[in-house]
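For clarity, chains are labelled A, B, C and D in written order, and residue numbers in each chain start from 1.
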Amino acid sequence: MGAIVLGDNRYGKAEIRLLRVTRGAAAHDIRDLTVSVALAGDFAPAHLEGDNSAVLPTDSQKNAVYAFAADGPPGEIEDLGLRLARHFLATSPAARRAQVRIDEHAWTRLDAHAFQAGAGGERRQACAIAEGDAAWVAAGLADLLVLKTAGSEFRGFARDRYTTLEETGDRILATAVTARWRYASAEGHDWAAAHGRARQAMLDAFAGRHSRSLQQTLYEMGRAVLEAVPGVAEIRLSLPNRHHFAMGSDDLFHVDDRPYGLIEGTVRREGAPPGPPLDW
Amino acid sequence: MGAIVLGDNRYGKAEIRLLRVTRGAAAHDIRDLTVSVALAGDFAPAHLEGDNSAVLPTDSQKNAVYAFAADGPPGEIEDLGLRLARHFLATSPAARRAQVRIDEHAWTRLDAHAFQAGAGGERRQACAIAEGDAAWVAAGLADLLVLKTAGSEFRGFARDRYTTLEETGDRILATAVTARWRYASAEGHDWAAAHGRARQAMLDAFAGRHSRSLQQTLYEMGRAVLEAVPGVAEIRLSLPNRHHFAMGSDDLFHVDDRPYGLIEGTVRREGAPPGPPLDW
Amino acid sequence: MGAIVLGDNRYGKAEIRLLRVTRGAAAHDIRDLTVSVALAGDFAPAHLEGDNSAVLPTDSQKNAVYAFAADGPPGEIEDLGLRLARHFLATSPAARRAQVRIDEHAWTRLDAHAFQAGAGGERRQACAIAEGDAAWVAAGLADLLVLKTAGSEFRGFARDRYTTLEETGDRILATAVTARWRYASAEGHDWAAAHGRARQAMLDAFAGRHSRSLQQTLYEMGRAVLEAVPGVAEIRLSLPNRHHFAMGSDDLFHVDDRPYGLIEGTVRREGAPPGPPLDW
Amino acid sequence: MGAIVLGDNRYGKAEIRLLRVTRGAAAHDIRDLTVSVALAGDFAPAHLEGDNSAVLPTDSQKNAVYAFAADGPPGEIEDLGLRLARHFLATSPAARRAQVRIDEHAWTRLDAHAFQAGAGGERRQACAIAEGDAAWVAAGLADLLVLKTAGSEFRGFARDRYTTLEETGDRILATAVTARWRYASAEGHDWAAAHGRARQAMLDAFAGRHSRSLQQTLYEMGRAVLEAVPGVAEIRLSLPNRHHFAMGSDDLFHVDDRPYGLIEGTVRREGAPPGPPLDW
């Protein structure tokens, strides 16, 4: 085999934590964000020769994130991600692609100036990618914990010599939803409304549709998002099956940590333009 | 110095995870609990001679927890804890004291049979202790995340040669409340209502009262609980100060993980009967 | 745009935890493994129609992993992964591709039958993929924490309007190495020896070579592995930059949790046969 | 019942992370520490009236920790803790008691200037308390993971109506040792040697002595420390029983996360002077 060469690479500052306060006369608003930047491009001299002349420090990336957050209300995380991704392409000539990922942590209002953390660790997410004049926006959510006590069965499955599982027509179905979807275009969306519709569509599909397997539920949740939000080209869901084992009755269950089933899948719109993978 | 002897000791099964479903005609209810048992008593023969004849296995303790949870709706966690603690005293003659700690994980209803995990990792807690004919009940909550953007200052503090902190009349105040309170008696309470009033009193005190320090806020939160729930004898609060550092403006803050301030304190009713420490 | 269709998907049992003891006359050996299985193939009927007839339950996958581990010493994790991956292809007709990932947790011998956990959370890893008659084997390690106090600089970097970082000729360099490398062929390797050489090559490159940036160190570590183990076709490294900020002297540093730099890159042998991505 | 009053309270900076480098001509040495400070005393005005005049900011405490660490090699963590505790008593007139807890994270040398993280997350610990002219020093370790495949049984235990566990003459015994011991005096010890002897005594007792229960092993480990280190007055051990369930053979085990047994106990020297509880 041949020479040793550098392959794909990227770098950036990860998990920049910030709180942005907007102080209205009657009430304050807050935005609690975690931002991660990754730049890819012509960084071979840094890797091969220790020549850093093209490397914008990750410290500068962090400073830019804070500067953008300071410069007026940040807007939706999809927009902030796009602005930052385009900024990094512009300010770092060696970068061919900039990816900016933002997690937003929800807070519920207690009064005009006080807040309580939102539901169950759930985070709204966005990922913007800029490359030349092109841009892609993906959105999603992580750790949305849901559980249903009816309308879930698992029967008629394949069997091999190791199979001991019994069929069940009525089981607990519980999962922590991670969902990421790519918009067909990077502009022209009401990001917050689209996110809300996508989230509600997943909750409705989980709660309202009978489940013959977590695979079927995954597909139904993905399809519901595509139907509810026309601008979505593709959605990827990752659903751990949080096993609840019946303890001698239909009403009591042991909740097990590990192992767990893991169901992953994408649902997409045929003919939609391709885009970067949803594996951020 | 003298002979080597066995001191205080206890043992039990920790973090028994269970989900209890109550299937009504119109809707299901669920209870998601984590139960930990600890027995103390005359277990010297096990430690000194390997004589296990007085040791009820932790596996049996686990089985008992599941059996009690299966035997009808569990009721409030304070009551379930008391029933279990008294059971362990009765079934294990060597046990002089039984402590049962229960964490309840909140779920919000989506529909008749589907649920979403509750707010921000917050857990309702109870700890029941039985000893002979006596019993104590404590309750609490953990990881209630709150933040305020106004009404918090920190000024006029002591200074030493290492002090560089500047006074501030307007800072972000954020903490993850852990609170544990002991009831003056183990019976005669509406546990759920008392817990709700205690929780609301803490939120109101945090949000509504001006803070000159997290110490003052701790005291105000504790006092508010004692005022709102007459049956509470003592409350212990542990409040990490989640530092938010201003980034050049009043509106943007860096959220730091470590180090953090840690403020701990108790507020109690003078003359209330003493009880076991609130350090579970 | 067109119809809604199912895209890529896979499923399996994740994080099956097992300990395997081999009881020799003079001493016992132990293997502490975490195994995750993922099957991809023709599972559209399960997703689209709730038809589970092709779905081998993840419970059966778990049983198979335990059965294979019970059936004699497991051998190196690369081999065990290959045997399991091929088994799942054979036993599940609908599966076109089976991936088996194994993490091995190291233990150090205390005596013939007692052990202490190995270094710093480091885990040896393997990932075997079978697809038709083809197979690929990758190996790696995670959470190898290393730090150097000399021989690390960061100078001559690009600057933009947000750059405030000062150049340094002498900094602390600390990272938690995650490395994953793919072998050019799935057979004919001494897996344990190859893993040991790869690991040592990375340690030598980190410790012994002057670092002008973490990018350069990443490349040197990757190149060292390719030079030390001829059978390796490609290696992917992920190196978080665990920042140590000087506190007024050259000898004292604040260790920060977040944010952190994150440097990722691949080093490969030109002309080596391509294979599945190293993103497991 | 009577008036609402402030009870016990304390405050301080927690988890101050620092790395101290000592640069010798031939090689560098590093010390990786996490320091937590807690002050108790007359802080009622801060709690009751928002009067901070006696409150030394936790930020100043942090600065002092860095200053002490910068001012020459830190020495053993027991000594550094003592120096810091006495400093805080001196610099904060309202403080009646100062507690300084230090965790040390081990690193293994790779060469003169490079290091690899030490075993399995294990941390050496110390806790120094100063109060007036008195002082106490405790030391310990956390997360020392050990496992034995022979010499462990659990038989002859008590039974109740819920008992289903079978007796076993040969089981896996695995635990994560947390041990904290108090020295009879705060001076005159070779802290590092004493820690080493205590640690080795626990490993020898775990590995070398037959176990009829984890309680017996706890006592043997504690006794071994008291025998090996005459200056130790009392030791507290907390031993989670990491259950390994046999999977149909004597050689294969499922490793379960939760629930787990939890065995806690103290072993002390009769007549040793009392001291603060070992619950830090």
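By definition in this document, a residue touches a chain if its C-beta (ideal position, glycine included) is under 8 Å from a C-beta of that chain, and two chains touch if they have at least 3 such contacts.
Note that this is a predicted model, so its numbers are computed, not measured.
Q: Identify the chains in contact with subunit A as well as subunit C, in label order.
A: Joint contacts, listed by label: B, D.
Q: Going by the touch criterion at the top, tell me which pair is linked by more C-beta contacts: A-D or C-D.
A: Between C-D and A-D, contacts are more numerous in C-D.
Q: Averaging each chain's C-alpha atoms to get its centre, pick out the one most distant from subunit B.
A: Using the mean of the C-alpha atoms as each chain's centre, the farthest one from subunit B is C.
Q: Measuring from the mean C-alpha position of subunit A to the mean C-alpha position of subunit D, what distance in angstrom results?
A: 39
Q: Averaging over Cα atoms per chain, report the distance between subunit C and subunit D in Å.
A: Here the centre of subunit D sits 32 Å away from the centre of subunit C.
Q: Indicate the residues of subunit C shared as contacts by at least two other chains.
A: 17, 257-258
Q: Within the complex, which stretch of subunit A touches subunit C?
A: Going through subunit A, the ones touching subunit C are 1-17, 36, 38, 43, 46-64, 67, 91-92, 94, 154-165, 184, 211-216, 218-219, 223, 226-227, 233-234, 236, 240-241, 258-272, 279.
Q: So in the complex, which bits of subunit B are touching subunit C?
A: Counting only subunit B, the residues touching subunit C are 257-258.
Q: Once bound in the complex, which stretches of subunit C touch subunit D?
A: 17-23, 28, 30, 32, 66, 69-70, 107-108, 110-122, 144-151, 172, 203, 206-208, 244, 247-257
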